[in-house]
Amino acid sequence: MPRKILETKKLNAFYGDFQALFEVSIDLFEGEIVSIIGANGAGKSTFMRSVTGLIDKVDNEINFNGLSIKNLRADEIAQKGIAMVPEGRKLFPSLTVEENLLIGSQTKRSGPWKLSSVYEFFPDLYDKKNIPSNLLSGGQQQMAAIGRALMSNPEVILFDEISLGLAPIIIKNIYQNLPLVIKDGMSAIVVEQDINKAIEISDRVYCLQEGRIALTGGSKKLTREEISKAYFGM
Amino acid sequence: MDWVNSIIQGVLVGGLYALFAAGLSLIFGVMRLVNIAHGDLIILSAFLGLTVSTSLDLNPFLSLIIVIPAMAILGYLLQRGILNKTLGNDILPPLLVTFGLSVIIQNSLLELYTADPQKMNAGNIEVASLSLPGGLNIGWYPLIMFIISILIIGILQFIFYKTSLGRAFRATSDDQEIAQLMGLSKNHIFGLAMAISMVVVAIAGIFLGVRTSFDPAAGPGRLIFGFEAVIIGGLGNLWGTLIGGIILGVSQNIGAKINPGWQILAGHIAFLVVLAVRPKGLFHRMDG
Amino acid sequence: MKTEYKVIQSSNASKFSSMIALLIIICLFLAPWWAGRADIRLMSEIFLYLSLASLWNLLAGYCGLVSVGQQAFVGFGGYMLFALTIFSGLNPLIAIPITGLFGALISFPIAFLIFRLRGAYFAIGTWVVAEVFRLSFAQIQSLGGGSGSSLPVAIVKSIASSKAMRESLIYWMILSLTVFILLSVYFILRSRRGIALIAIRDNELASESLGINITKSKLFVYIVTSGLTTVIGALIFLQKLRISPDAAFNVNDWTAFVIFIVVIGGIGTIEGPIIGVLVFFVLRETLSDLGSIYLIMLGFVAIFVMIKAPKGIWGYISNTFKIELFPLSRKLTKFKGE
């Protein structure tokens, strides 16, 4: 029985007085890929931000490897082994590609990912390693952002809308590589607006609607109808 | 010849002004904080150097052994204890808190040392001069001060662009949130940045204290010189700040040559002219 | 019965307080008859600081323009008063409003320069401008150069024949100016332009996208504030009878204390400076013997307030009891119709 690596129990999250998540309970087991889908504003990114410690006001539980991380700072959570590929890539514009990757290793966690292994996996990045990161194409930036997250050798890696703003062929390329990237014992949560990609890549799926979980189940087991209903709240 | 001498003096003092500016610029670059008490911290370093060198009977430059770590620790604690709490979207808190700090430092120095001007004694080096062809005389002390200023700016550039700490500074400056996601502790990074700034402040303070007399109220004047050098040179560029300091120093000396009472005013006017025609500074790399 | 809604701006608390305010103002105008000379002087000082604080608050708290250089206009007003009365023979009472005009005019080129700076750099820029004023006026020998000059007795006497009358006249001018400034600030903020300012303060980007011209609004406030600060300066030095560059352009007297008053009282509120100035003067009367220790304490209190209670005393009261004496927020209330 694979162990539970990350879980939220009835998570509430607030931006000031505005409540964005209502009693969201999501589990992630070791080695699996879970996807979270939902319309814009459904709370997907809020969920990711809550887990990584960027939301100040959260209620109830967030547990990682059995320990509560609810009150930890974002940098402490990164240290513990949760990494994120943020929405919009968000590479550091003042840093070159290689420097961006090196920042990823700031946590000094040990593991298979280091500069040489990242370059092996993404040869394009090696060619461009001394170029300021904001001069890269969208697809290359996405690779760099993924590489940066990998450099911290995390146990859990979160992908927040990595297909946003990219050409279909690039998206296809990235998703083909994804399972290879997270072998070696990593677990992943993928937030996606593209339902097809989300279903294809993941073992289980959660659908958020206006801050609540509207549906969950095995990715290949749920029907199109069920998903659409939950997605649009009908 | 007199004029050439004046201009050379202006260039050399520009190095000191660049040191004033470098500490200010660094902090702004990393955390968008402008420390209104910056000048007062320079004067504090000078007084610290005075106390250390007189009570331990040391050459003022040797007092740096104590003053530098003392100011660095003070800077780190100040940042983590008070200044970090003011950072955010509102510009008022950091401004008003550092203004309050300025008042506290000035008046504390006044209580401890009285308003009398002080000066540190470094011995012969203060009057030794280098004779150059054409009747030019360059003081060894201003020359050494200038060279060390260039060295320090070079070291700061190195730290910023070639070390992992500098990488952390630049990343945090780009995007505080994402930097946190990468495991960088914002509070600690800002504390370190302030500590480094205080190291530069300490050195600038001792240089100042040997070069000229100083008193508790001299802080704001130094802040303004540093600020003018930063604006003339352009935000985000340390070498530009050096040029800015030089332009400021030269303007002041030219003004003094015309009329001694116009020295500082001439510097202000040079600053205002640059502000009018090249508001982003001569070599700007960053927006305010 | 249909329920209709209307938007009101006043509340019971504000209506009550405006009546009390009116009574207080009338009492204050009658002060020359019930207060001693020393008290009149003290009250004049309090009003002058209240005026300076309200204007600084308008600039900083509402427009986000933090100036640590308003002393430029205070000193400018003093010097213009001396210049106009000494060189042009104008009666001081006429010269005073004219200084305001000059102050407003000179604020144009100043704004042209310093509006190119943002945030704390803008603040230091205002300080540089004040220093330029100080150094420049120290060069003007006809006004006493670096050591300054006194207002000739003849000019002083031209205000009124008796000393008592002179003091009363100056006091009334100061009181009128203070009331005028408080009401102006209130009406500017109530107006469309004022709502725009509050919107800018809350979110510059959003207000810009709604078509509010930020620069024009801020410029307008800067010019008005500068003009009025200049008039305050003229009145300050009319009372002091003597001016010098260091006194005229003193950062401590005209900026540090003012900032303290606004911060402690409550920045960004009209009531704040009123509370702040009262606290400041109570502290000053009880503690000023301590000299620089007093200033150190002020510094610590200001830092403490900024970190722990950034909205100041009035902010705390206003939030806790939900009252506004100068009503600025608009409330929706039910109004029963036919």
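Just a few scattered comments:
All chains are identified by letter, namely A, B and C, in their written order; residue positions are counted from 1 within each chain.
Here, a contact is a pair of C-beta atoms (placed from the backbone, for glycine too) under 8 Å apart; a residue touches a chain by one contact, two chains touch by 3 or more.
No experiment lies behind these values; they were computed from the predicted model shown.
Touch-path distance (fewest steps) from subunit A to subunit B is 1. Distances from each chain's CA mean to the overall CA mean are smallest for chain B.
Farthest chain from subunit C, judged by C-alpha centroids: A.
Centre-to-centre separation between subunit A and subunit B, using Cα means, comes to 44 Å. For this pair, subunit A with subunit C, the centres built from the Cα atoms lie 53 Å apart. One simple way to say how far apart two chains are is to compare their mean CA positions; for subunit B and subunit C this gives 33 Å. Interface residues of subunit B, counted against subunit C in their complex, comprise 33-34, 36, 82, 85-86, 91-97, 99-104, 107-108, 110-111, 220, 223-224, 227-228, 231, 261-262, 264-265, 268-269, 271-272, 275-276, 279, 288. On the side of subunit B, the complex with subunit A involves touching residues 164, 167-168, 170-171, 173-175, 177-186. The part of subunit A that touches subunit B in the complex is made up of residues 52-54, 73-75, 78-79, 83-84, 86, 90, 92-95, 99, 102-104, 106-107, 148, 152. Remark: subunit C residues 60-61, 64, 66, 68, 112-114, 116-121, 123-125, 127-128, 131-132, 135-136, 138-139, 251-252, 256, 259, 263, 267, 292-293, 295-296, 298-300, 302-303, 306-307, 310 touch subunit B in the complex.
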